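Comments concern the structure below.
Per-chain numbering from 1; labels A, B, C, D, E and F assigned in written order.
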Amino acid sequence: MEKKILWINPVTTNQFDVTFQSEFEKVKQPDTTVDVVSLTPAPGPLHLEYNSYEVMIMPEILNLVKRAEEEEYDAAVIGCFYDPILRAAREVSKKMVVTAPAESSLHIASTLGESISIIVGRRKWIPEMKENVHKYGFADRLASFKSLDMGVHDFQKNHEETTKRMRLAAREAVEKDGANVIVLGCTIEFGFYRTIQEELGVPVIDASLAPLKYAEFLVEINKKFGWGHSKLDGYQSPPDDEVNAWRLFK
Amino acid sequence: MEKKILWINPVTTNQFDVTFQSEFEKVKQPDTTVDVVSLTPAPGPLHLEYNSYEVMIMPEILNLVKRAEEEEYDAAVIGCFYDPILRAAREVSKKMVVTAPAESSLHIASTLGESISIIVGRRKWIPEMKENVHKYGFADRLASFKSLDMGVHDFQKNHEETTKRMRLAAREAVEKDGANVIVLGCTIEFGFYRTIQEELGVPVIDASLAPLKYAEFLVEINKKFGWGHSKLDGYQSPPDDEVNAWRLFK
Amino acid sequence: MEKKILWINPVTTNQFDVTFQSEFEKVKQPDTTVDVVSLTPAPGPLHLEYNSYEVMIMPEILNLVKRAEEEEYDAAVIGCFYDPILRAAREVSKKMVVTAPAESSLHIASTLGESISIIVGRRKWIPEMKENVHKYGFADRLASFKSLDMGVHDFQKNHEETTKRMRLAAREAVEKDGANVIVLGCTIEFGFYRTIQEELGVPVIDASLAPLKYAEFLVEINKKFGWGHSKLDGYQSPPDDEVNAWRLFK
Amino acid sequence: MEKKILWINPVTTNQFDVTFQSEFEKVKQPDTTVDVVSLTPAPGPLHLEYNSYEVMIMPEILNLVKRAEEEEYDAAVIGCFYDPILRAAREVSKKMVVTAPAESSLHIASTLGESISIIVGRRKWIPEMKENVHKYGFADRLASFKSLDMGVHDFQKNHEETTKRMRLAAREAVEKDGANVIVLGCTIEFGFYRTIQEELGVPVIDASLAPLKYAEFLVEINKKFGWGHSKLDGYQSPPDDEVNAWRLFK
Amino acid sequence: MEKKILWINPVTTNQFDVTFQSEFEKVKQPDTTVDVVSLTPAPGPLHLEYNSYEVMIMPEILNLVKRAEEEEYDAAVIGCFYDPILRAAREVSKKMVVTAPAESSLHIASTLGESISIIVGRRKWIPEMKENVHKYGFADRLASFKSLDMGVHDFQKNHEETTKRMRLAAREAVEKDGANVIVLGCTIEFGFYRTIQEELGVPVIDASLAPLKYAEFLVEINKKFGWGHSKLDGYQSPPDDEVNAWRLFK
Amino acid sequence: MEKKILWINPVTTNQFDVTFQSEFEKVKQPDTTVDVVSLTPAPGPLHLEYNSYEVMIMPEILNLVKRAEEEEYDAAVIGCFYDPILRAAREVSKKMVVTAPAESSLHIASTLGESISIIVGRRKWIPEMKENVHKYGFADRLASFKSLDMGVHDFQKNHEETTKRMRLAAREAVEKDGANVIVLGCTIEFGFYRTIQEELGVPVIDASLAPLKYAEFLVEINKKFGWGHSKLDGYQSPPDDEVNAWRLFK
């Protein structure tokens, strides 16, 4: 089944696009097409550690989602572990499904284990992410958040250092906090899951691979069974006349 | 104590600004200055019933919040019952406090009674608002949401009709759902609280008066005791060098 | 990617096996092999409405799961909406993944909507199923259970009658209870989801299709990323020496 | 707006009355009148660390509340962090509002931050206070209770020692338990909040200042909008005939 | 095993004492001694429907509890479904156990069924009782409260009328609210449980019999195994020197 | 009152039967008869640390429960702290009551204290037990699980070693985790409760004595008041015709 997926890297740099693209090519299903886009490289946020950074580029993400549906993508992934504008994106998507890293990682993690730790860059990130953990229903499964004390752009600078900190954090999560599954709480923590997983012997969920595969899954059940986002209530689409009259989207 | 408050009406019409301004003048403390602003009257959303509408004007709200602090406002109120961008607004506010209708109304309602019903325009609004009720901690006090089956711009069209529906919904909330406090879940439901309150004999919280007074309260404790939003963790401000380099705000 | 899945119909009748098999053939991925088995047709339960019926055939289910792994299945689905012995099945599966109808349906439903009603046969079923809803984390998303007042073997007797009752129950769930996604809470409620879905305009999750596709998804991420059930804590496998000495499994 | 507030110090000693009075004079609004009373200096509890101590003076507190309304106070504050008899006090108050330290501090703290630690004197106090945290809705925001291992009458004995312990406890709360707001869980922990707040850089809520200002806020919205305690259900006033016939109050 | 139990009827009338005494004689264990006391028949509350009534007689209850231990009772039951002063009573009881109607009824009901409705006299009672249901841990098992719209002193006036209303309420609880166990939420609803139980075929817990038997049970495990109330933390006894110096109890 | 209780030791060894029998004889009520049975000593599990072990002997437990009722037992206790097949056992018991170690210990512990730690053998056990703690309603009272790092058959090997580890774990639970009641989370942790209880001064609940006495209590209220398990909904008995036709039980 053909699946056309748009990965939105919601930062104003394309520095990670090639890597994501090549990683996704290796793991996608044969009939899946994945396109990776980032935002207009005008001055703008290079990472989204602050909610105020997210806010400033939310309209551009939403325009990309909107355009994705017009271009007949089957799914869009909003590639930040804060899962920004998931509700708005589902509103504007009449057929297309939309998912994001935290949602997909947590559904997977809670199917694979019973006590989850999330490894983040800074403790600043925790409250917003914890809100999502509660919202998605996984509060009772949350063992802990562990901070590496690193910014988004530090993860890929010195792989040895990152691995060292991640190993320490994950080990503490497992040994002290009672975790039996680890989630890496940032898409830019890519490239580390397998090492940690093999060393610790528990599943370590990568926040970019998880939503890609969850998107393929959602597309499949949407195309086969018509199981897309409910258009009643929270994800109801806005009326075309308002959208047009107010020139809301590009 | 002087309190300078900015009320942000986050829609691209100033049609309600005068009314809000005059209502606020009647109820504010003597030393309080309230300014009411709405968004640039370019084509844009005239209401925010859809989360996708909110998203498109979020950056402008955040710029207004940011500018408010620069202009030495003591508080900003983001005047929509979805409480949009509360976290981002608190991030960019180093001294100024920020609040919003749902937060303030629910803190008040849960102090005055023990079982709260929220009267909304459409059931579309419920999931996003329910998320906030849970996030703020008042899930156990939520008796019900009641929908009037009216849009934001219907409330003020025919006051008799609105009163009729509101009375019916509030009465059902009290008699069937066990509510003992009512919250009107939209700032544009202004002008009705007192009638319903007197008829039903239970507090009916108006979603524009509540945040104005809560803002005054927060300003007072901030100025007197230094009790402003914690700048550790979730409301930590972004670093100036990034904000400047990325030209994030106007 | 080849995926070999065993569907276990945990009743001592093969009367539904052919139907399940043919339905699964239509919707599985091209490289997926699905085998449908039911239990030994000795006298035994023809349905599992009672937990005591489940208990009596649990060892046979577990033996089937155990054998499935030996025969190199990638996944087993335990085809009853009570999700019996999910923990035990995951214990004995060292590589294979295991899922079940309620788990998979609820993960899907909570991704597609925000308020879920589950349509069951009898109110007898509700407490055990509600336990699972809570256990999986979806209590806050549960709008209601609706009972059709029918036994498992009634669903397929008179399709018109079943459709009529299901339509009524689903409509009440949507209109009165605030549901925006429906889950059919029994695998033998197959064949109805599309009609109800089209009539009501909200997703209606079929309890046999959901776990089949979720199993394919889990196999894919297991094979690609090594993301199988955590073998630490709750799903830890029993030691071979005890299993052998005690001749636990066939 | 004139606000007449009665602060009830529910202990049989007036040793703290002068201090409270003078502290309140410094921070109250210009038109506010605050009166501080303590209980009859007959033999009786000098602190309320034990619930059994609270119980023995509850009727006297209630009589004071009752009399406060007769004397046209606008608000009464029951000055103990266990928030004793809040429900009964609201029952007997037909117009007057009533609040207490834990309620007010927690509403403020949860508006200013997202993770709260409460610094108490002894671990004995924790269960009763935790009950209130849950009851008010802030369980999800509770980071920890920290005990100073001091009794109520130790706090003001040696300010240096108290500061030292408080600093240590607050620092642990912030660094280990993830708190970003601190609440001082006893009215007699007065005089320390500013030092700790400035050292740690997070809001530190004082349990006597918080309810005073919250009382002013509640009076203001009560007088302006008629938003007093709901007299339906839990805070319904007892009928006068019973109260009189049974000579319930002085 | 000898068990000496004091039943405290916390009202200033002895009108129900004889009935309780004779009912208890019929159902107690052979070696159990039960004594029924009510409060000083001075003017005072004849029922406790209002929390302010409870407050006024709390010290007398506590003195009775205290004296009960001195007189070597093994258990005290505080005979009101609001379970007043349970914490304080346990503080002052060094060896004796203390229980109350709601606690005991809910432990029993949640062992016998999975969905509980509580039949009260007036909706006024609900918030205080609901607080206890949450506190004891049974919120997830609460199907509903049903009000008979009767005061405490109405239940025994016209047995036919009471039975009629109770039957209707219980039937609605079972048929509409999904209850499978009923709790009668007032000790003065005595004498009806068996009729309703037989008619409806679900357990109907009587709020005076339940705590008596639970008290016997608690005494038995206390005497046999030393399992009394934990004297660490919440039920820690106050120090004798303070109790004596402050002449706290009679 | 005569009480005939069957204690089911759900393992295929009778090695503990004599001890249990003799311990029970010491503590049972005079008119109680307790019989201890274990499973057929064919090859089979000697302990139930794994859920897959439980599953394999569940039918035999259920047959024993079923037979117990036929032999006019008043209660059956399923003697494993995982509380296996409690629902099924209650389904097949029309008059007899059924309880188990975790249920009874937690009801007792939450009546005696407010913060409970459970001492288990291995961390493997925790997720299944935690599920039960949540299911029974005691999640908010759970301080911690502490693991002794011992298997079921280690507890009685070297009493000194077991005592040492148990003391350490219990002390940590009390001092670090805030527990004020301890529950020993395995029936084979018998013989230790009193030592630890006396050393620590908090109640330590033994997982075999607790259900025995709780069973006596349940029998008493069942016989006196007809308060047995609700036969509506979750514990409804299967229809005889199916049970017979399908030859479900021996």
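Throughout what follows, a contact is a pair of C-beta atoms (placed from the backbone, for glycine too) under 8 Å apart; a residue touches a chain by one contact, two chains touch by 3 or more.
Since the model is a prediction, treat every value here as computed from it, not as a measurement.
Q: For chain A and chain B, which third chains touch each of them?
A: C, D
Q: Quickly list, by label, the chains bordering both chain D and chain F.
A: Intersection of chain D and chain F contact lists gives A, E.
Q: Same residues or different residues where chain C meets chain F? The copies count as same if more than half of the interface numbers are shared.
A: Here the answer is same, because the shared fraction of interface numbers exceeds one half.
Q: Give the pair among D-F, A-C or C-F whose set of contact pairs overlaps with that of A-B by over half, matching residues by number.
A: Matching more than half of the contact pairs of A-B: C-F.
Q: Where the centres are mean C-alpha positions, what is the separation of chain A from chain E, in Å?
A: Averaging C-alpha atoms per chain gives centres 52 Å apart.
Q: Quick check: how many Å separate the C-alpha centres of chain B and chain E?
A: So the centroids are 44 Å from each other.
Q: Among all residues of chain F, which ones touch two or more of the remaining chains?
A: Within chain F, residues 114-115, 123, 126-127, 134, 139-140, 178, 180, 233-234 contact more than one other chain.
Q: How do the chains pair up in terms of touching? List each pair.
A: Those chain pairs satisfying the definition are A-B, A-C, A-D, A-F, B-C, B-D, B-E, C-E, C-F, D-E, D-F, E-F.
Q: Would you pull the chain C residues touching chain B in the complex into a rising list?
A: Touching chain B from chain C are residues 114-115, 140, 178, 180.
Q: What residues on chain E touch chain F, complex-wise?
A: By the definition above, chain E touches chain F via 1, 27, 29, 99, 103, 107-108, 110-115, 136-141, 174, 178, 180-181, 193-194, 197-198, 201-203, 205-206, 209-210, 213-214, 216-218, 220-221, 224-235.
Q: Which bits of chain C are touching chain F when the two form their complex?
A: 12, 43-46, 49-56, 58-59, 62, 85, 87-89, 91-92, 123-124, 126-128, 131, 134-135, 233-234, 236-238, 242, 245-249
Q: Which part of chain F faces chain A closely enough to touch in the complex?
A: 123, 126-127, 134, 139
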